[in-house]
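For clarity, chains are labelled A, B, C and D in written order, and residue numbers in each chain start from 1.
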Amino acid sequence: MIIGMKTGASEDEINTVVEKVKSYGWDVQMNIGTEKTVIAVLGSNTGQVSTDIFEVLPGVETVTRIMKPYKLASREVKATNTKVPLDGFEIGGKRIIVMAGPCAVESEEQLMEAAGLVKEAGASVLRGGAFKPRTSPFSFQGLEEKGLELLQQAKEKFGMPVVTEIVDVGDVDAVSETADILQVGSRNMQNFALLTAVGKSKRPVVLKRGFSCTVTEWLTAADYLLAGGNKGVILCERGIRTFEDSIRFSMDITAVPVIKKYSHLPVIVDPSHAAGHYSLVPAIAKAAIAAGADGLLIEVHPNPEEALVDGLQSLTPVKFAKLMKELKGIAESVGRTI
Amino acid sequence: MIIGMKTGASEDEINTVVEKVKSYGWDVQMNIGTEKTVIAVLGSNTGQVSTDIFEVLPGVETVTRIMKPYKLASREVKATNTKVPLDGFEIGGKRIIVMAGPCAVESEEQLMEAAGLVKEAGASVLRGGAFKPRTSPFSFQGLEEKGLELLQQAKEKFGMPVVTEIVDVGDVDAVSETADILQVGSRNMQNFALLTAVGKSKRPVVLKRGFSCTVTEWLTAADYLLAGGNKGVILCERGIRTFEDSIRFSMDITAVPVIKKYSHLPVIVDPSHAAGHYSLVPAIAKAAIAAGADGLLIEVHPNPEEALVDGLQSLTPVKFAKLMKELKGIAESVGRTI
Amino acid sequence: MIIGMKTGASEDEINTVVEKVKSYGWDVQMNIGTEKTVIAVLGSNTGQVSTDIFEVLPGVETVTRIMKPYKLASREVKATNTKVPLDGFEIGGKRIIVMAGPCAVESEEQLMEAAGLVKEAGASVLRGGAFKPRTSPFSFQGLEEKGLELLQQAKEKFGMPVVTEIVDVGDVDAVSETADILQVGSRNMQNFALLTAVGKSKRPVVLKRGFSCTVTEWLTAADYLLAGGNKGVILCERGIRTFEDSIRFSMDITAVPVIKKYSHLPVIVDPSHAAGHYSLVPAIAKAAIAAGADGLLIEVHPNPEEALVDGLQSLTPVKFAKLMKELKGIAESVGRTI
Amino acid sequence: MIIGMKTGASEDEINTVVEKVKSYGWDVQMNIGTEKTVIAVLGSNTGQVSTDIFEVLPGVETVTRIMKPYKLASREVKATNTKVPLDGFEIGGKRIIVMAGPCAVESEEQLMEAAGLVKEAGASVLRGGAFKPRTSPFSFQGLEEKGLELLQQAKEKFGMPVVTEIVDVGDVDAVSETADILQVGSRNMQNFALLTAVGKSKRPVVLKRGFSCTVTEWLTAADYLLAGGNKGVILCERGIRTFEDSIRFSMDITAVPVIKKYSHLPVIVDPSHAAGHYSLVPAIAKAAIAAGADGLLIEVHPNPEEALVDGLQSLTPVKFAKLMKELKGIAESVGRTI
């Protein structure tokens, strides 16, 4: 951490800062310039303290972080890529993993049809929401427990692991019985009560990026899960909120190489929620693989026109199968399989 | 809702749309232009349905809402301003209500000193966090139950109602025993499990705006609370995330008149979290009152340099008292008292 | 400037950085931590050099500015507030200056009526666009030379100085003959060719903030004008682009105290372009004065329903006169006159 | 255009709206709902009129566009993809075109070395800035005329067309003599005086997206060029400004398929300015091709450590050559060549 004093800061003010630094067990090195004094704080865990504690002191002008606020998710703590093992494969390895299925579990018929079709097309994990976080209280909120039962059925019938969203601390145990992977949604990325609960689960977690959270905040949220003992954290970029109004969310494709640079965790991409429209999903999915993503989370519905939730962004099984074929060549071009 | 068909959409495609509209019990009116057909959907509750259900149909180009997705929070449902009664006063009336106190309850000494000083300076409600949602798992998380006890003590000692944040569904009952007003924080504005739980509480709720949520989404979140039976919803603007990097969040001052235009709910402003720095708090607080806010939520700490959380944005009691005086003239200029 | 080396950076890499620093005539101070080496660059003009020149070197992890990239616009170079003198008054002094009039000059009748009415209501400067920057090539582009002639007429008839926009380097001389204040629009804030030309004019300049430019970029653009010799720079906040869709632009009200903190230049506020709708203009105008703005730039049209440009955001003369009265009390509450 | 009247709007108010619509030569169709009246405006050029002209009328609540404000750039006006012919190849065809070279022309030696190396690696067009728009007046502003001369030399020596930026209306003729393609920079995308001048040039134009402009605004700016008679418009996505702070600009990769959906113009991607750091350039470049871009504009410098401008985001010739090889497979996977 670097503390820049104001021009003309008094000796007393400088001493107060130095003493506060030392009270945390850190060392200082003084840089006395012609105009301003700059104090470097030397310590191994300065990233986890707010810059405010120094900026509030009299005579301080700026406080700048050199270390990141996250720790466990960083490459500095773990240099090698984390691979999250699942039944017979792993996420974060050479093979790109595709998770696909309907946004919401709607009925046995819908789920079984979807599961069979996405498996046939090459998906490795079945997605499907039982508990749905909806922006309006008047919208369909999911089948809840009945949805979990259907997911259990599909899982057994098709031998596919399932990923489903968790929205309430009280549901962690029940959902973990069925789900092979828990999903924390975008709007809950900074629901710290939920992160703490999910951090204690033994199930891997897909942590979706908050739609207005920085990569740094995202990795700091991952620290909540890792600090709780959960080693199976899978990051999922799903688009960020910007001023652009021709799509639902702007896919932050650069987040993929940025995550790879700063973190050891695997990162997958959800093109469906970013696009908001099925016609844009294939281009984003291809871009994600080309940029280095470890997997995809794609909405596929046997009959999007009848979907209760997010039909517009769902691929038909035919379009999904076509996309899977196109992704193959791109995966190979970047040294991966799919 | 207005459905614009693509140039050259077929009669079949148009008929499919019309049938779908009718399946919801609504009427259509056809606008057959020279180039495109536009279908107006006529019904009283079209705002609560996703535009996707029509946009996914073949031949549809655009679907545009005329009605808002929120209902109970809207002025159309309730034309007169809602006033939330508290012990001896109300929020949303002529008098501007100031809620002040430390970000986090840290100790008996700190809380009692703060409570006494903010009361003396004219604050009506004491704020103080017992459960703190922190972005890093390694930061101070609040005194929790012990914090609630101290709030109870301060409340009795100074005869001031208290507002405190609720972060977990499981805490609603316990917190409601002490808190006169519950607070739902910015990062939980779309935590629908929490909104549902708080909606059933009898305590009024300060619903902070998600830092990247639109006014429409905010009012739709308020609908969750209102639909649950909670009539005491108080909106709180606290700054939005933008590209600007000289402050923590950009205060969206225009949200105040916008809320007044579309909603009957009272709206207060939190200048502290937007500013991130005490030196900017007074200007924002004054602007908020001038723009028509019904109240303020301000962080005041007896000794900001020693604060465990957010010291940099806290006013000293002296600065707070000075601000309260300055606000008086502005309140009068806009026909209010404080 | 602070250069953070990567963990394990070699001695050679560190030396290369040190030599590059010295090649600019600056000194270094080394902070050799247990994990990382941090190099402080000591010099008085490091703010004007890109951080890239060091970040590109091998072994460098981060480069952080301590000094701002702008210089002439900063309070460090000039501590006292700049007051821009005009015929009989000044901008940036105790008196708040209101500039009002139609968005575009449309006809003699319209301009004279507007000028008379805004003067009567208390405006000090007449605004009116002769050259209009329009987002579509098919929109009305302004009366151009004819518009300047009408502004000259109004100026003489009512004895009011006029402010008008300049959109082309080639027009600086012609516009300067009539205009008492030149205006550089939001979309031209980083049109450096235009800034260079206007910097050489003797007329004061209203420099509108680019709708997606940071305060730092804005003050750096002001440096272009000041470096050219133009001392009469007046900053104008007019709203920034955000995700919020209920208004045209989000008024960044905090920019007012932020500018006052970092710069000596006067700052005014344009509530009309931010609001996009007349009903929101008064609240923003009041907030601006409460927050410390030195003036306002407001669109007033004798008949907004017939306006060729931006009628929706224009106040009627009656509404403008009412607003001027309401602003009086707020101005007095913050120690100003109007 | 769809005009929603307020609940309880009077017959007079409705009639005024209808008359105004008819004054533009358009027809109306009335949708009289149980609660609100909605008026559909039927005409072929409603997209080019501001919604304000109706929204300002009494009794009007909302006005919604059905038609886009741009016309000439739209697929509705021209269904087939535009291909911009250059000497021996075309932009917008099956072959992906790569434009590469240094950000700024710095010296004969630097430019010739860069030109030779990028040609060898497979680039088709040489990029290099002679006139540089710089955010600070104290930064290197380019070699100007001398830079043009060097570009002319490189062009002759290597037989490569060159693209260079134009920043001033007065330079259009001089730059057009040397440049095979003119470039309008991001900060000038809404410099309408410049667009008008460049629209009259016979040279193709790379129109970079304003870093905070929507796709709709971008295509409307393209209309300026097309309306001026310039048929060779090439769009260039270069990243947008968002809240994310780990990169310089967020690459809006979805803009590529969105442009392809709404416009017939070719679109290329500049990964260098978005990334701001060379290490992120390859991932973005690959994603762009996978998403369907027609070309790339990449900064390559023989010695980035010594670059006067933007060295950090420039690839070395070795890294560029490696990238070109990797792009080949991706291009083939999406049915293109490079």
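Brief remarks on what is shown
Keep in mind that, in the parts below, a contact is a pair of C-beta atoms (placed from the backbone, for glycine too) under 8 Å apart; a residue touches a chain by one contact, two chains touch by 3 or more.
Model, not experiment: these values are computed from the prediction.
Using the contact threshold fixed earlier, the set of chains in contact with both chain A and chain D is B, C. At the far end from chain D, in terms of centres built from Cα atoms, lies B.
Centroids built from CA atoms put chain C at 31 Å from chain B. For the pair chain C and chain D, the distance between C-alpha centroids works out to 26 Å. For this pair, chain A with chain B, the centres built from the Cα atoms lie 26 Å apart. If you average the CA atoms of chain A and of chain C, the two centres end up 38 Å from each other. Residue positions of chain A with contacts to 2 or more other chains are 212, 241-243, 245. Interface residues of chain B, counted against chain C in their complex, comprise 212, 214-216, 240, 242-247, 250-258, 261-262, 274-275, 279-280, 283-284, 286-292, 326, 328-330, 332-334. On chain C, the positions that touch chain A within their shared complex are 2, 4, 7, 29, 31, 33-36, 38, 40, 42-44, 62, 64, 66, 76, 212, 241-243, 245.
Residues of chain B that touch chain A in their complex: 48, 50, 52-53, 55-57, 69-71, 133-139, 167-170, 187-188, 190-196, 211-212, 217, 220-221, 223-224, 227-228, 241, 277-278, 304-305, 307, 309-313.
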